[in-house]
C-alpha cells in the first residue's frame, strides 16, 4: 500500500455528507442537543459527578453559546467534525478544556443522538396528532350536522343503498380514532430515554438514567443499553403507524373523487376549491382532491422510505450517521400536515347535493331492498316470494324509466297478486313509504346503523373518544412543559449556586 | 350496441378468478363460513326471527352439509357463483327454498366475508404470536445462560466495547416484546365482529349484533356498519405490525451474518446448521443465516403487498372479491412461521466462541475506554489527561502488536508520568484489571447495563413481560374456545328443540 | 464451548428450508438442471476433457435418471443436501464414482444455479410476452373496430372533450408497446449464460463458455465470472420491467372502474362478466374490474418483493440458497398471467354505450371548445372574444338545461352580436355542426389525434410495432428450439459414439 | 344546499398547495415554460397562425418578462392561479389581451406541463448519467491499476477463493454498464414531445407537432395525444431504471462494509474518510460507507415513492397538479448525485491491504481447490482421489495452524501415497506453486476470468462500452444545444422581422 498522508475530511465527504448533515442539525436538532447538555450537567451535579463550581461554569457557558448563536453565520468548515464537536470547542474556549471535558462524563454521541431524534419525533408526533384530532373533530361536527342528510352508499363502485352523510363519515371517524390509538402505541416506544446508554453498555460512572429521563420529559428509560442505540424501533414504529393514516386517508380521498365526478355529483365542492377552465365554464375541476390523493401517496412513500433504510442496516450498526434519515422522515410529517390541514378545510366546506342524490336514488332504484324486507315483515311473505315481487318491480321501473317515487302502485299490486296468490294488504301510502330513502334509513337502527338514534349514539361515543385522545395529547404536552420548566429551574438553581 | 346474449360466467372469468377463489375458500375459509351460518341461525332464533322448527331444520341441514362435504370432489363448475351460493343451494335442496332462504335474514355476503376474514386472521395471529413468544422465551433462556459470556459489541460495524451475549440478546428481546404489544394492539382492530352490518347499513330486522359477536368469539362489534365492510384497517393494522417484526428480525440476522464470518468468528454455528464443500473442508457455510435473511425479506414484502392493494381501493369499495388478497396475506404468515421457527432453533444451537472473542478483544484493544474512566475516578485526573494516557497506551500497544493482557505496565507508568506530571498510584494488578473485559462489564451496572445484577434484573423483567404476553394469548384462546363451546351447545339445544 | 456432536441437517433446518427447497426444484427447476448436465457433458467431451467412453456413460446415466424419475415418490429425506447431490448420487450408483465425478469438472453449484434460474426466467418471460402481445393485438383490433366510436374523454376525473374509443385505447397500446420493449431490454440481461464461472473465478480447465451458452440457447456468456454468480441484475431487471406493466395496467383498470360506474355508464360490461344481486336486479356489479385491480396490485407487490430481497444482500453474497426467492418471483408471473388474460377477455367483450355517451356529452357541454376555435378560424375573432361567446353559450345552456344539440341558435347569435359588435356569418347548420362530437373529432387530425386518418395511421404503426415484437418473440423461441435440438443431436451422437 | 359565495382560492388551498407549487415552478420549471412559450410562438408563426407582427410582439414581450423577472420578489398571492397564468397576465399587460391570447392557440396547460416535466427530467438524467459514467470510468481505472492485486473473494459471506481487485470490480462495472443502457432505454420514453396534444385530443388548428419537438430538442413526438398527457410512463420508466442503480450500488456498499471491518481488513480506507474516537485511537470508523448505504436506500425509496403515486392515479387522470410529485422525484436525483459522487471519491482512495489479504488467505486455506485440480491435470488422478488428497491436506493444515505457504511438503506426499497408492510426481516447487493465490488466478483464464490476459480483455471491452455511453451522452447534449441555438436563432429572426 502507498502511505496514507490524507487528512480528515476528504473534500468530497465534506461536501456530500458532513456539510449537509451540519445544515440538518441547524435546521432540526440543535436545540435538543443543547437541552440534553443542560440536563446532563444538572444530573451530573446532582450525582456529585460535577462540583457546584464546575456545573455553574458549564451551565453558564452553555447559555452563552445559545446567546451567541447566529445560525446564518454558522457555516460548516470541516474544522469540527459535527455540531457536537463545535459545541465542545466553544465550551473549551469559554471555560477551559478540563472543566469543559467533564460534561461528557458517562455519555456518548450515540445515546445523545438517539435521544435528540426521539425528542424531535415526540414534538412532531404531537403536532401531527393535533392536526389529526382537528380533522376528526371536524368530521364529527360535519357528521352531526349531516346526520340526516341522505346520500347514496356504494359497493363495487355501484350505487347500493341509501345512507346518510353522517353515517358514512362515521366509518372514517372510527378508522382515524383507531389510527390515533396506534400512534399513541407508537409514541410509547419513542417516549423512552436513551441517555445513560453511553456508547453501548452504559458507563462505570454512577449516572442516574431515570433522572435524565425525567429532566428531558420522557416517561421512562429505554432499558437495555445496547437497544438504546441500536434497536431503532422508535423509528420504525411511528413511521409504520403514520403510514397507515396516509394509506387510509388516500382511500377516503378516492371516494371524494368519485362522489364529485360530474356524472355522480353527490358532493358539491364550493368555488373556493374549484379550478375552472377559461373555455369550458361548465367544467369545475375539484383539483384539491387530486392534490390530496398525491400528497397521501407521497406521505406514504416517505414513511416507507424510512422503514426501508432499516432493512439493510445490521441490528448493531445504527448510529450518529442517521441525521439524514431522520430529516428525510420529517418530510413525511411536512407532507402529512398539508394533507390533513387541506382535508380538514375541504371537508368543512363541501356539501351533499340533495338534488343529485335524489336523482341518483331514483335512477338506481336502491330502496327496493327495503320493500322486500317490508313484505316479509308486514305481509309475512317468505323471502323468496318477497324478493320476486321487489325484483319484478325494479325491473319494471327501469324498463319504464320510472323510479321509486313515481312507479305506479298498480304495478306493485299486480306483481304481488301474481307472486303471492292474493292481494297485498299494504296500502299505497305504506308502499310508497317503504320505498323512500328516509324510511330505509329510519328502520336501520342496529348498533352502528344510520337511523337517527343509532347514529347519534355513535357520534356521541366518537366525541368521547376524541376527547380522550385530546386528554392524552394534553397529558403529553404537560409532561413536556413541566419537564422543561423543571429543567430550567434546576439550571437556574445550579447557576445561582443555590442547588445544594 | 350489439345485443348482449352472454351468460355468466365468462369462461375466462371462471378460469382466472372464480375457480381459484373457490379453491381458496376450500383451503382457508369454508369452516368459518359454516361457523357464521350456525351462529346466525341461533341468533335469529333467539331474536324470534326464526321459529323453533325453522331453526331446527336449518341447523340440521347445515350439519348435514358438513357431514357430506368432500372437498376433493367439490370442484368449481360455474353453476354457483361461489361457495356461499353453493351452500345456499344445498340448503334449499335439503329443506326447501322458503325455510332455507330465511337463514339470510338481515345479513349479506359483505358482512359475512369480512367476518370470515377476521376469524381467519385471528387464528393466524394467535399461531404467529405463539411462535414469536417461543422465540422470545428461547432468547431469554439463552441470555440467562450467557449472561456472563463476554462478546465484542460493535458500532459502525467495528469492534467497540466488550459486553455479554446475554446483554446483547436483551436488546433484541425488548424489541420483540414491543413487537408483540404492537400485534396485540392490531389484534384489537381485528377482534370486532362485522356481522349485522349486512350489505352496508345494517338491516330493518331486529338482529342482535352483540350476540353474534359473542357467539363467534369476538370481543365486541365493529360499530359503524359502513366501516364494517369498508374500513379494512383490520387488514392494514396486523400486516403493518407483522411487517415490523420481519424488518427487525432481518436486522438481527444480518448481525448473525457478520458474527459468523470466518474472520470474525465470534459465534460458532454447529455442524447441524452448516453446509460444507466437498473440496474445501475448512469452508463452513452457515447457510441457514442467508435463508433467514431472505425469508425475512420475503415476509416483509408479502405484508407490504397486502398494504399496497388497499392503496388504490376507494374507501367504500372493499368487498367480497377480496379472498385472493387475504390468501396472499396468509403467505406472509407461512413464510414468517418458518422464519421464526428456524431462528428459534438456530439461536438455541449457536455458541459464543470464547477463544475468538478474546483474540478480537486483544487485537482491537476495546477495553481501553475503561482505563481512562478508572484514571478519572481513582487517580482524579481530568478527562483530557486520562484520555491522553489511555490513548497513548492504545497507540503503543497496536504499534507493538500487544494487547490489553500483554502490554507492559512500565509503558503505562511512563505515559502517566509524562501526562500527569506525577507517578500513578494504580498498581499493576489494578491496572491489569482495569483492562479486562470482565471488569469492563462488571462496573457497567446502570439500569439496562451488562453488569450481572443489572442484567439479571432486566432478564427478570423480560420473563415477566413474556409471561404477561402468554397470559394475553391464553385469554384469547379461552375466549375462542368458550365461544365455540357456547355456540355448539346453543346449536345442540335448538336442534333438540329444548332452547325455548 | 461445548463440543459439537451435531450432524447436518438439523431437523428444523430440514423442515423449514431444505425440504421446501427440494419441492421447489421438483416443481420448477429439475429439467433445467438436467439440461445443463447434458450440455456440460457434451462440451467437456468436445473439449477433450471427457473421453468418448466417459461421456457415453455419463449421458446414458443421465438419460436413465430422467427415465426413472418419479417426482411424486421422490421425497426429501435429508440424506442428500439437495437435488444436485441426489443426481450425483444416482450417477455414482449407475456408473461408479470416478466417471460420475468427472461431470462436475470446472463447474459449481453457483454457476449451475444461476443458469437454471435464467433458463426458467427466459421461459416465463416468453410466456408473459406472448400473453401481453395478445392483449395488445386485441386492443388494436378493438381500437380499429371502434376507431370512430365517440366517447367522453376525462381529465381531473371530469368530462372534458369528445374523443373515440379507438383513440383512447391507442394511448394504452403505446404504453404497452414501450413496456414490451422494456421487457426485451431486460431479456438481454437474462439471456447471458453463467456457465463456466464455476464457483467465482472460472476454472483452470479449458472449458468453452461460449459453446455452453450456445448449447443452452443463450445469446452470449455473461462476461465477468464473479458477476455471473453475484450481480443478479438478471433478477432485478425483469421484475422491475414487469412491475411497470402491472402498474400501468392497474391505472387503466381504474379508468374501467369509473367508466362502468352506474352514473357514468360509458362502457357496457356484458352479463358474462357481471355479478348480480338477487334483490336488486338493477344492480350490475362488474366485479371482474375489481379483481383486475387487485391482481395488478398483487403482481406489482410480488415483483417489488423480489427486488427487496436484493436490498440487504451484499453484492458477493448471492448464491444457491435463492430457490425460494425465485419461486416467489414466479408467483408474479402466475398472477400477471391471470390479470392479462382476463383483461384481454374483458376488453374484447365490453362495448361503448352510445346512448349514455351522448347523454353525458349533452349534459357536460364538452364540445363547446370547438365552437370557440371555429369562431377564431371562420369568423376571425380574437380568442378572447371567441371564448366569451362560447363560454356565455355554455353558461346559458346549463342554466336552461339544454345541450349542444338542443340549444337555440338565436341564443348564440345574440351572444355573438353582443361580444363581437356584429352579426355572425356562421349559419345554423355550421353552428350546429361545430358543436357535434363527430365534428370535434374530425378536425383533430394532427399526428396522434383522433380524426379518422390520423388514428388509422397510428393504428397501422401499432400493428407494425406489435408485429416486430412478435418477430422478436419468434426469434427467441427459434433460438431456444434450435439449441434444444442441437443439444439433443449432440447428445445422440456422443451416446452413439459417432461424435468424434 | 346553502348558496356558494366562496371565491377561489380558499386560503387553506393556497397555503397547502398553490403557494408551494408556485415556489416549485420558480425553483425547477420556469425556464422550461418560457422555452416552450418561445418555441410555440415560432412554430405558430411558421404555420401562419401568427402574423409576423403578432409573433414579433409576443416574442418581445416574452423576452421582456424574463428580463424583468426577479424570482425573490415574485411571491405567490393567489391573484393568478399559477405561474402560467402569471405569465399570461404579464403578456396581456405588455401587448394587450388579443395578441397575448393568440399564444395559447392549440395548446393547453396539459401538454405544456408534461413537456416541461420531460425537459426537466432529460436534464436531470443527463447529469446523472454523467456522474454514473464518471464512477464507471473511475472503477475501470482502479480495476486496471489493481488488475493483479490479490483479494479474497467471498461466497455465503465466507472466504472462498483468491481473485484480484480488478476482477472483482469488473463484476460491478458490468452491472453499471447495463444500468446505463437501461437508463438510455428509459431516456427514449422521456425524449418524446407532448406539445400539440393540447388538452387531450390535439386541436383543429394546423399546428406542427414535429416542428415543436425539433425546436425543443426532442427526438420525436409522443404519438397518441391522450397518451401525451395521461400515459406518464415517461415518469415511471426513468425512476424504475434509476432505482435499480441505487439498489445495485447499495449491495456493493455492503461489500465495502464487510471488507473494511476490523477483523477482515481487506480494504484500507484512508484517514480522509475515517472518523475516529477521542478515546479509542485504534478505532477507525469508515463512516462514509454507512452514509453511502443509507443514501442508496433513501434514493431507492424516493424513486419508489414516485412510482407509488401512479398506483392510485386512474390512467386518464394525470394532469398539471403533478408539480409536487415531479419535485419529489428530483430529490432522488439529489440524493443519488451525492451517493455516486462520494462513492467515486471513495473508490479512488481505498487500497487493498496486501498483508491482511495474505493473512486471510493463509488462515482460510482458500487455494486448496486448485491443488486438487492440479492433481487431476498433472497426476491424472480421478477427481474423487484428488479431492481426498487436497481435503486431507486442508484438514491437516488447519489442525496444525499452518497455511498453504507453510504446510510441510511431506504431509502432502504422505496423503498422496495413501490415497493414490503411489508417490506423487509433483515436486515441492510445483506443489508450493499450486497453492499460491497468484497461480490460482493465473490459470483461470476463461472469458471473464481473473487471469491477466482475460481480465485485460474484459477491461478493454468495458472501456469501449463506457466510451459508447459517453458518445450517447454527447449526442444527447449536442441535440439539446443545437435545438436551443436553433430556437434562439429562429426567435431572433422573427423578432427582427426577417424570418419570412
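To keep things simple, chains are lettered A, B, C and D as they appear, and every chain counts its residues starting from 1.
Here is the rule we go by: contacts are C-beta pairs under 8 Å (C-beta built on N, C-alpha and C of every residue); 3 or more make two chains touch, one makes a residue touch a chain.
What you are looking at is a predicted structure, and each value in this text was computed from that prediction instead of being measured.
*Asks:* Taking all residue numbers at the chain A/chain D interface, are over half used by both copies (same) or under half (different)?
*Replies:* Homomeric contact, same residues on both sides for the most part.
*Asks:* Which of these pairs, B-C, A-B or A-C, matches C-D in more than half of the residue pairs in contact?
*Replies:* Same contacts by residue number as C-D, out of B-C, A-B or A-C: A-B.
*Asks:* Find the geometric centre of each of chain A and chain D from their Cα atoms only, then give the gap between the two centres in Å, rounded to an integer.
*Replies:* One centre to the other, that is 34 Å.
*Asks:* Averaged over CA atoms, how far is the centre of chain A from the centre of chain B? Could you give it in whole Å?
*Replies:* That gives a centre separation of 24 Å.
*Asks:* Can you work out the whole-Å distance between the CA centroids of chain B and chain D?
*Replies:* Chain centres of chain B and chain D, defined by C-alpha means, are spaced 37 Å apart.
*Asks:* For chain C, give me the residues that contact two or more of the other chains.
*Replies:* In chain C, residues 155-157, 160, 250, 254, 257-258, 287, 290, 297, 300, 304, 308, 311-313, 317, 319, 321, 369 touch at least two other chains, as defined above.
*Asks:* List the residues on chain D that touch chain B in their complex, please.
*Replies:* Touching chain B from chain D are residues 155-160, 257-258, 260-265, 278-287, 289-290, 308, 311-312, 360, 363-366, 368-369, 372, 387, 390-391, 394-395, 397-398.
*Asks:* What part of chain C is in contact with chain B in the complex they form?
*Replies:* My answer: residues 1-2, 4, 6-10, 12-13, 15-17, 20, 81, 250, 254, 268, 270-276, 287-288, 290-291, 293-295, 297-298, 300-302, 304-306, 308-309, 311-313, 317, 319, 321-322, 324-325, 328, 338-339, 341-342, 344-346, 349, 351-354.
*Asks:* Inside the complex, what are the residues of chain A that reach chain B?
*Replies:* 97-98, 101-102, 104-105, 110, 153-157, 160-163, 167-168, 170-175, 178-179, 181-182, 185, 189, 196-197, 199-207, 209-210, 221-231, 233, 236-237, 240-241, 243-244, 247-248, 250-252, 254-255, 257-258, 297, 300, 304, 307, 310-317, 319, 321, 369-370, 373-374, 376-377, 382-385, 440-441, 443-450, 454, 458, 461
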